[in-house]
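Look at the two complexes coming up: chain A is in both, with chain B in one and chain C in the other.
Let's turn to the complex of A and B:
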């Protein structure tokens, strides 16, 4: 099967998958306790007040009808309006996309730039002091709760040393210059990058270790191929195959963001929007984010499969 | 020779002059190893105890924050009250226990609270004045920015109806009230309405508007705007205040400054509750068909007359406002001599949760933090702060459910002696000191507006007396079983308590659980998120007691929760409590509703509170204080139990 055919086939599979996913999530949201009417009405509202508001929001319609209205609008690109802020959901998502892409993109790039060489070093110098240190760092990074690490960095760099700003993407009331955004980006991106680096480094290390035992590697060394050229040009490419899959699976996070980190640092991205919407039972926003995340996951998997073939031409797409 | 070291180098924050504090190193090392008794003995040996006040003990408290049994609670309360100080922390004590804020407290009204015995902690100083005082008139600083925080993602929509129902914290700066409430007494005072008349039959309210209230675009606030707004509160589908404005039959506007409201029935809360509304501009919504919340005037270009002019909202980040220099409540406006605004720009930063806001406050990114948890006051003491300590309109209670469908006979709490026994079983004052660290007022009623509240010394109280509790329960037939749990006719006294995960509620609920256990009542306590809690308390009613926080929003509506006719779905009497007949809760409530003045209603409120204390629809655990932290470079905060830090129009740079 050619690549184009493969992509077309996967795209066709997306539609029924998305439909099924929206049904499941719609049901889950509506079956969970609480709704936006309760949130809007406040703690002093009577049940009669809440019912009236529910009526006004259309939440008392049969669930099938509510879903039908929603899916009909969604197919035309209209995600409806937020129950809480009454703003178009698509506007809300678009304005949060860039902050999330910036945060997650930076974190991913930084972590890749660090994880790949360090993973290679750890594999090549297996059981050495370097490997031990890097492995320890890896375990710390994998084990540490991200929110706790974020709070620790905030306390150290934001409160004690006052080197970095603590929240947001820029300082309100001041121009959002590149320097200002970069200063605000360092801690949240640093937390994510640290955890990703730890995680990916292990995969690079294990992937490279597996390749190092291959006969062709031994053959190349015995023929006098310089180590650097061998590792970078021959070993790394094959050894990165597990990582390619992981990177593909992490593509959706470029869109969905990190709910925990964006919440801790009040970074105005889609992760924070997800948290706020879930908290306030803002159904329309939650559904839109789910659809977006689903599309991102499917695209990410597709990219991972295509990248896998690029890395290893022996693999056939079926 | 004593080995001293600078307190600051050890991270000790126990007084207002940390740079000058000296600490006996040996005592400090014992403290670090949690050998408090040894530290105390050494301090006594070295005769350090006389040099410092009780702040030394206060310093220990953060290390001892854990749930404690009743006896331990009493023992520690006695130790603290006896004033055994750990002056060993400071060889030359810098803690001035008599320190008072640089601005003295003035004003009339009820006595100020002393909460917790703290005057200062670390670099934070407590303030308890009722009205701020000013030396002259503060100056306006066009280039100064006031930065406040809020736990919110987006305050939209910004229309006056949504603002009063969804999130007050932004709308309160953009719009003016028709009438206002005095921040100390919570009595009605003029705002846009400079005076009003109420007809003898209580059916007609005439508001006379001031002539110098203008919207930001320079147009005057007129009677048509007031009429439009009132009807919007009544008619808008998403308004949660319909019940307040429903009695409105018609509104006349004989001229641009007179609003005549005709009610279909007497409704005592109408002035205080209905009058406290944000006034919007009618012309801003002309030509727009549809819900008010969807109008441009709600989403992007709101127009108000308030002290802060809306400039922008960046969702997820902040809102920005500029000072309205033509605001009618300018300098010299009220008894404090205050007015404002005094900052050129106001920034409201949005946070996802309180923790993020706290960190931001400590890092100097915002100038306020509210509400401050009592657990965080030592943390706040790390930065130069005022901590405003004021009574709140909140009451912590435990409501009984008289209609649990899981109980076939539903008579568990029917006998008032059972409810009285449970009240005697709880050391309410001890809880106030231990859990809320003394930042707390005793209450035996829900109502919290000072002018409605019977003086505490005259209220019916239930002293802590577990023996009496057991005796009362025995009178009703509850006798301790082999396992210590009370039994009656084969039924065990086992109840289900539900509690929200809100501020300190789980803590005091767990303490109450222990108190109940000591008199033989076994309580299974469930601590729930808001949605499942609402499900069980509003839909299923499958609980026995509900730990609940009451906010004193409006007029006597808090008593509505114990009126027999106010059961769900139209009322908040979830426990189905009923007290009818002459002199009953229902009877007194109806009498109050038919009054039109404080002179008529106050004696009835006193009677109602006595009646509540006799029939006990709930147990009342008191009212925690509001703590508001403000950076010391900001002055002028007006404590207000209704709208705590939402009054930045009075604040000015130090």
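Let's turn to the complex of A and C:
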């Protein structure tokens, strides 16, 4: 079956998942204690006022109908308005997309550029000093709490040494040039990159190790194939396969993975939006973000699937 | 320590050198990070567990506005926080909570995973397909976000938070156990048990399961590491354990505002999270190496 057919088939399989998710989110909101109309009206509203608001918000309709209305609106891109700021949620999300994309994109690319060669080295020189050092760094990376690491860097580079700005994407009062954005970007992206590198390096190392034990590698070596060509061209391609799947599965994290770090550094992206919305109980925003996140997960799984099939010639879509 | 000696010598030849297969205990202790991790964990576990015997629970929330943000001193070995509370006391009590949530969540994940994975792996066929579908669906949910939503709606207690975090990770365990059970179900002792007419569940849980315990324990240990990180992250965001109840995570979020004045408030709780998680990861990795049947060294 062709690629297009495969994608269509998988998408169909994943659609009920999305549906299930919207149901879960919707139910959670409605089962929660507290009445949104009352919250909106404030402590001094009369019962009549609250009823009026409930009607206006459509809260008196049967649940199924409310659910249907919500889904319908989402499909047309209307995610409602924030309880707090009354701005359309879609606007709020769109304006936060770029900062998060910049942050996560940079972090991911940097991690890949570092993790692949280092993982390769660690595997090839297994049990050597370099391997031990790299493996230790890996353990540190997967164990360190990201927010703590961020705070440490903030303290060291922002307060003690004063080399880098402390928070946000730009300093108020100063022009937002590319350089200043870069300065603000270094620490948050650095934290994320370090942790990702640690996770990915592991996978590269184990993937490559698996390949290195294969007979055909020994054969190529004994044939006289120079080491560099062997490793980069042949070993790496196969050894990277597990990593490719992992990367595909990390696609959703482009949207969801930045919550903590954005909170630490007040980076104005989707993650910070999630944090503030969740803490101020701005449910329309949180709901929209959860739905967005699940779409991202679905797409990510799909990409991981496709990537795996593409990279492994044995499973080419025939 | 028991060491199995074995001479591999064909009949008629002279003595060959003795081969020594190190015992499990030897292999674990040989792995230095793992043994250090184990010691650290035992220390931390013992200290936090015994804390209530030595330090009154009231001191956790004892606000003393006259001594805010003091540097470490003899009386208050780790100083005080922004409300004058003793940091060391909060650290110890917070450790109890963080560890309880971590171990509890990992246990829940392990229990669900073992059960579902075991059933799936043993019975195979349609049950397997169905359960794997379920697992896929669960994997497709953006759990961290759902956790955030849940936490902001329902203000979770320690118990419900543990439950939610536990639900985050059972799929890895389920996959693992499924693989193990699939491998073991065709072995002789299982066939023998079936031949003697034992009930299937009895076979699963008293015959097969003990043989699969190795990887399960490894995954459980690593699961604890993950759960502790998850809890502290959620608490840092203000959505998990809420002040005044201390948790290593929310102590860090309090400390952020005072990074200029009192940096130790931020350094210490995070350091403890780091050390604990690192120890669990080292331990888990060491266990995995020790259990690996392919003796590499």
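Of note:
Here, the second predicted complex is superposed on the first by the 276 of 318 C-alpha atoms of A that agree within 3 Å, B and C clash if a C-alpha of one lies under 4 Å from a C-alpha of the other, contacts with A are read in each partner's own complex, and residues count from 1 in each chain.
Please note the rule applied: a residue touches a chain if its C-beta (ideal position, glycine included) is under 8 Å from a C-beta of that chain, and two chains touch if they have at least 3 such contacts.
Quick caveat, the model's predicted, so the values are computed rather than measured.
Looking at the shared chain after the overlay, A:263 reaches both chain B and chain C. Shared-chain residue A:29: touches chain C; no touch with chain B.
Residue contacts after overlaying the shared chain place A:168 against chain B, while chain C stays out of touching range. In the superposition on chain A, contact of A:144 is made with chain C only, not with chain B.
Of the two partner chains placed around the shared chain by superposition, chain B is the only one that A:48 touches, whereas chain C remains out of contact.
Contacts of A:84 after superposition: chain B is touched, whereas chain C is not reached.
When the two structures are aligned on the shared chain, A:189 is found in touch with neither chain B nor chain C. Contact with both chain B and chain C is seen for A:275 once the two complexes are overlaid on the shared chain. With both structures placed on the common chain, the touch criterion links A:159 to chain B and to chain C.
The interface of chain A with chain B overlaps its interface with chain C at residues 32-33, 151, 154-155, 159, 263-264, 275, 281.
Here chain A touches chain C in the complex through residues 14, 16-17, 20-21, 24-25, 28-29, 32-33, 139-140, 142-149, 151-152, 154-155, 159, 252, 256, 259-260, 263-264, 274-275, 278-279, 281, 283, 286-287, 289-290, 293-294, 296-298, 301, going by the rule given at the top. Contact residues on chain C toward chain A in their complex (touch as defined above): 33, 136-137, 139-142, 144-146, 148-154, 225, 229, 232-233, 236-239, 249, 252-253, 255-256, 259-260, 263, 266-267, 269-271, 273-274, 277-278, 281-282, 285.
Against chain A, the residues of chain B that register as touching in their complex are 145, 147, 153-154, 156-157, 165-166, 237-238, 240, 242-243, 291, 293-294, 298-299, 314-318, 320, 345, 347, 349-353, 355-356, 359-360, 362-365, 530-532, 534-535, 538, 551, 553, 557, 568-572. By the touch criterion given at the top, residues 32-34, 38, 40-49, 51-53, 55-57, 81, 84-87, 92, 95-96, 99, 151, 154-155, 158-159, 162, 165-173, 262-266, 268-269, 272-273, 275-276, 280-281 of chain A touch chain B in their complex.
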